[in-house]
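Here chain A shows up in two complexes: once beside chain B, once beside chain C.
And then the complex of A and B:
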C-alpha cells in the first residue's frame, strides 16, 4: 500500500515511518514537510498517487485544511482517501474536516505502541474498502 | 445542476463483464456472481489482456485459490447481511461452514491471513456499512435498521456503529447531509 504523510514536525514524520515499518501490511511511505511540497508532488500528473494520504492540520505555508480543499476541487485527486492526522481533537475540527471530505480523523497518539495500533486499524479498514468494493463516500472513521 | 445516482452493484458488474467477454470473443457461461466458466481454451496472453482491460473498471481476475475462498466467504457474508430478514437466525460460524463445506477454524484462519482482519470484524464492518447505506439512501430510522439487521436493540447497533467508526449514527447523518448541502451551493 502506498502511504503519504504531510507534516512539518520532523519527529512526527520519523515515528510515523517507523510505525509503518513494523506493521503487518506492507507499505511504502513518502513524507512531505509542508502543504506546498505535498501539493507540488500530487499535482504532477506523472507522479504515483498514494492509496492513503495523511494530513497534519497545522503546517506553515499551507495548512492541511487548505490541502484538503485543493484536493477535493481537483478531479484527478478528489477520490484520494484522506486521513487527518492532528494534535487537535476539537469537535469543530473533526466535523469540519469530515464535511470537507476527509475520510479519517486521527488524534496523534502520544506513545509509539498506540500509534502503531491506530495506524494498523486505519490501514486494515482502508484495505477492506479497497478490496471489498465498499462505498468510499460513506467511509468515515475517527480514532 | 447536480444529479444524484443510485447504483445496482450486481447489475453494473455483470453488464461490464458481459461486454468485456464479448469484446474478447470468449465463449463462456456465468456460473455464479463473479464466477465465469470459459468454454474454449484461451491463451495466458489473452487472459492477461482481458485482465488489464477489466482492471479499468476496478475488476480483476483472482488467481490464488486462497483468495478465491476468501472471496467466497465475503460473498456469503454480504448475502447474509443484505438478506438477513429472510433468513433463519443461525450463528455466522455455522452458516459459513455449512455454505462452504469447511470447518470454521479453517475458514477463519484463512480469512485473517489474507485480509488482515477477522471474519467477526468483517461481518460487523459489513453490517455497519449497510446501516450507513440505509441511513443515507432510504432514510430509515436507526430503530428500523436495527430490526431489519436483527440487532437485539437499537442501543446495541448504535454502540457497534460508534465502536466501528468512532462517530455516532447521528453525527454520521449530519456530516453526510452537510456534505450534500455544500455540494449543492
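And then the complex of A and C:
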C-alpha cells in the first residue's frame, strides 16, 4: 500500500513513519516537507500516485487547504483518498475541508499508541466503498 | 365665520365714525340752508308787502293829482300824476320779479295789473273830457264814480294778495318751526350714536391692547427662555430677510463665534472671517445654494474663535413665509464640538477594540495550534519513552515521567478550557428554537464514560423548547453535569436531578432586575461534596477554585464558561450549596409569553 504524508514538522513525519513501521502493515510511506514539494511530485505524470494521502493543514509555502483545492481541480488526482492530519480540530477547518472533498479528518493524537490505532483504522478502511456514503457526522475521526 | 382682526375692526369703526360725522355735517348744512331759505322768503314777503303798500300810495298820489287837475285844470297837478304812473309801472315790475314761483299769486298779480290798467283808462278818459270842457260835466262825474269802483277793486286785489302772502308766510314759519324743533334732537341723537360707537371701539381697542400687552409679555418671556436655551444648548439663531438681504444674529451666535454680542454687522462676510480656511470654500458653495434655493440643509463647518480655539458648528435653516409679510429664512447654528470630540473618541475606542479583538483571535490561533503542538510532542515522546524503555528506567525516573505526564495533561486541559472560554465570547450568536431535552441527551452522551464509571443516576423533568445557541447550551449542560460528577462524594454514586419550572420574574430575588416578565428556571441538584454558601458567587469567576489541584482536577474555567453562556442568553446563574450535602446550580433563562 502506497501512503504519502505532507507535513512540515519533522517530528511528526518521524512519528508517522515509525508508527507505520510498528504497525506491520505492508506499506510504502513517502513524506513531503511542504505543499509545493507534494504537488510537484503528484503533478509528474510518471510518478506513482499514493493510495492514501495524509495532508497537514498548516504548512509553509503552500497550505494543506490549497493543496486540497488543487488536487480536486485536477482530473487525474481528484479521486485520491485524502485524510486531513492536523493539530487543530477547529470547527472552521473541519467544515472547510469537508466541503472541499477530503475523506476524513484526523486530529493528531498526543499518544503514540493512539496514533498507531488511528492510522491502522484509516489504512484498513475500504475507502472505495465508504466514499459513496460520506457524511459530516463521521468525517471527524473519533476513537 | 369670518374672523375680524383688531386692525380690521379699527378700520371699520373709523369708517363708520367718519361716515356718521359726514352725515351730521350734511344734515346740519341742509337744515341751515333750509332755515336761511325760509328767512329769505320772509324777507321777500316783507318786500312784497311794502311794494304793495307803495303801489297803493302811488295810486292815491295819482288820484290826488288827477282830482287837482280836474278842479283847477292847472297842469301843475298833472306832474305828480304822471310820476306816480311811472312809479306804479316800476312797482309792478318789482312785484313781478318777487313773485316767480307762486302760481296763485301770479294770477292775482295779473288781475291787479289789469285792474290798474283799467283804472288808468278811466283816468285818461276823464282827463280828456276835462281838457275839452273845462267844467265838471255829468260824464266826468260818472267817470269819477267808475274810478272809485275800480279803485276799491284794486284795493281788494291787493288785500287778496296780501292775505295769500300772509298765509304763505304763516305756513313757511310753521314749517321752519318744525324743522328747527327737530334739528337739535336729530343732531343730538346722532351725536350720541357716534359717541356710543367711539366708546365701543375704545372698549374693543382697549381689550385688544390688553391681549397685545399679554402677548408681548409672553413673547418677552419666550425670548428670554430662548436665549437661555441657546446658552444651555450651545446654539445660536439667525434670520435672513430675503427681500432687503439683511441679517440678524442672536446674541449667543456671537458668543459661539467667541465674540461679544452684536459686536459686528450681521452679514455673511463677517461670518466668513471666523470660518476655518479649509471649510470656507465648501461653506460658500452651500451658502450660494442657500441664496439660490432659499433653503439650507444641514451643514457642518469649523470656525476659529479670536482666541484661537477651533469649534465645530452645525447649521440649518428653513424658509418661513406664513405669517410674515416678507419671506424670511430662519436658521439655527449649534456648537457640536463636544459631540464631534466624543464621536472621535468613540471611533478611537472602536479601533482599539477592533485591534484588541484581532489580537485575541491571533492569541486563540496561537493557543489552539502553536501552543498545543509542542505539548503534543512532549506527550508523544513521553509515551514513546514509556513503552519502549519503560523497564530500563529507574523507579525514580518513572515517577518523574508520571509527573511530566500529569503536568502536560493538565496544561492541555487548561489550554482547551481557555479556548472554550474565549470561543463562548465571540461565537456567532445564532439563536435557534431548539429542543433543550435533546441538548441534555447530547451532553449526557458526551459524558457517558464518566457517568458509567461513577455509576451516576441522572433524572430530569421535561425541558421546554428555547431560542438558544445550541452548542453553547450543550456545553453548559456538559460543564454542569461533569462538575457534579467531579465533585461527588467518594464511594457514593452521584445522583443528579434536573428540574424545570416557569417563574414570574418578580417572584424571584435573583432575577428581579431583569426586564423580562417570565423565566425558565432549570436547576441541577446533586448529592456531592457541596461547599460553604459564602463561596457561592466566587465559583463563577475565572480561575477561581475551592479545592487543591491534586484533590480535584478542575481548571477554574468551567463555571466561568457556564456563567458566560447563561449571560449570552440574557439569563442568570446562581449556586446554592451545603458542605457534604450537595450543590444546586440554578439557571434562569428569560422568555416571552
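One rule holds in what follows: the second predicted complex is superposed on the first by the 124 of 143 C-alpha atoms of A that agree within 3 Å, B and C clash if a C-alpha of one lies under 4 Å from a C-alpha of the other, contacts with A are read in each partner's own complex, and residues count from 1 in each chain.
Following the convention adopted for this analysis, contacts are C-beta pairs under 8 Å (C-beta built on N, C-alpha and C of every residue); 3 or more make two chains touch, one makes a residue touch a chain.
Just so we're clear, the structure is a prediction, and the values are computed from it rather than from any experiment.
Enquirer: So which one touches more of the residues on chain A, chain B or chain C?
Expert: Looking at chain B versus chain C, the one contacting more residues of chain A is B.
Enquirer: Touch check for A:15: first (chain B), second (chain C), both, or neither?
Expert: A:15: touches chain C, not chain B.
Enquirer: Please indicate which partner A:113 is in contact with in the superposed arrangement: first for chain B, second for chain C, both, or neither.
Expert: A:113: touches chain C, not chain B.
Enquirer: Is A:88 contacted by the first partner chain B, the second partner chain C, both or neither?
Expert: A:88 contacts chain C only, not chain B.
Enquirer: Could you say whether A:58 touches chain B, chain C, both of them, or neither, answering first, second, both or neither?
Expert: second
Enquirer: Going by the contact rule set out at the top, does A:25 touch chain B (first), chain C (second), both, or neither?
Expert: Only chain B is touched by A:25; chain C is not.
Enquirer: Name the contact category of A:98: first (chain B only), second (chain C only), both, or neither.
Expert: Only chain B is touched by A:98; chain C is not.
Enquirer: Using the superposition on chain A as set up above, list the residues of chain A that contact both chain B and chain C.
Expert: On chain A, no residue contacts both chain B in one structure and chain C in the other.
Enquirer: Which residues of chain C touch chain A in their complex?
Expert: Touching chain A from chain C are residues 368-369, 372-373, 375-377, 379-380, 383-384, 387, 412.
Enquirer: Show which residues of chain B lie in contact with chain A when the two form their complex.
Expert: 9, 58, 74, 115-117, 122, 125-126, 129, 132-133, 136, 165-167, 171-172, 174-176, 178-179, 182
Enquirer: Name, in rising order, each residue of chain A that touches chain C in their complex.
Expert: It is residues 9, 11, 15, 58, 87-88, 90, 108-113, 115 of chain A that touch chain C.
Enquirer: In the complex formed with chain B, which residues of chain A make contact?
Expert: 24-25, 95, 98-99, 101, 105, 123-125, 127-128, 131-135, 137-138, 140-143
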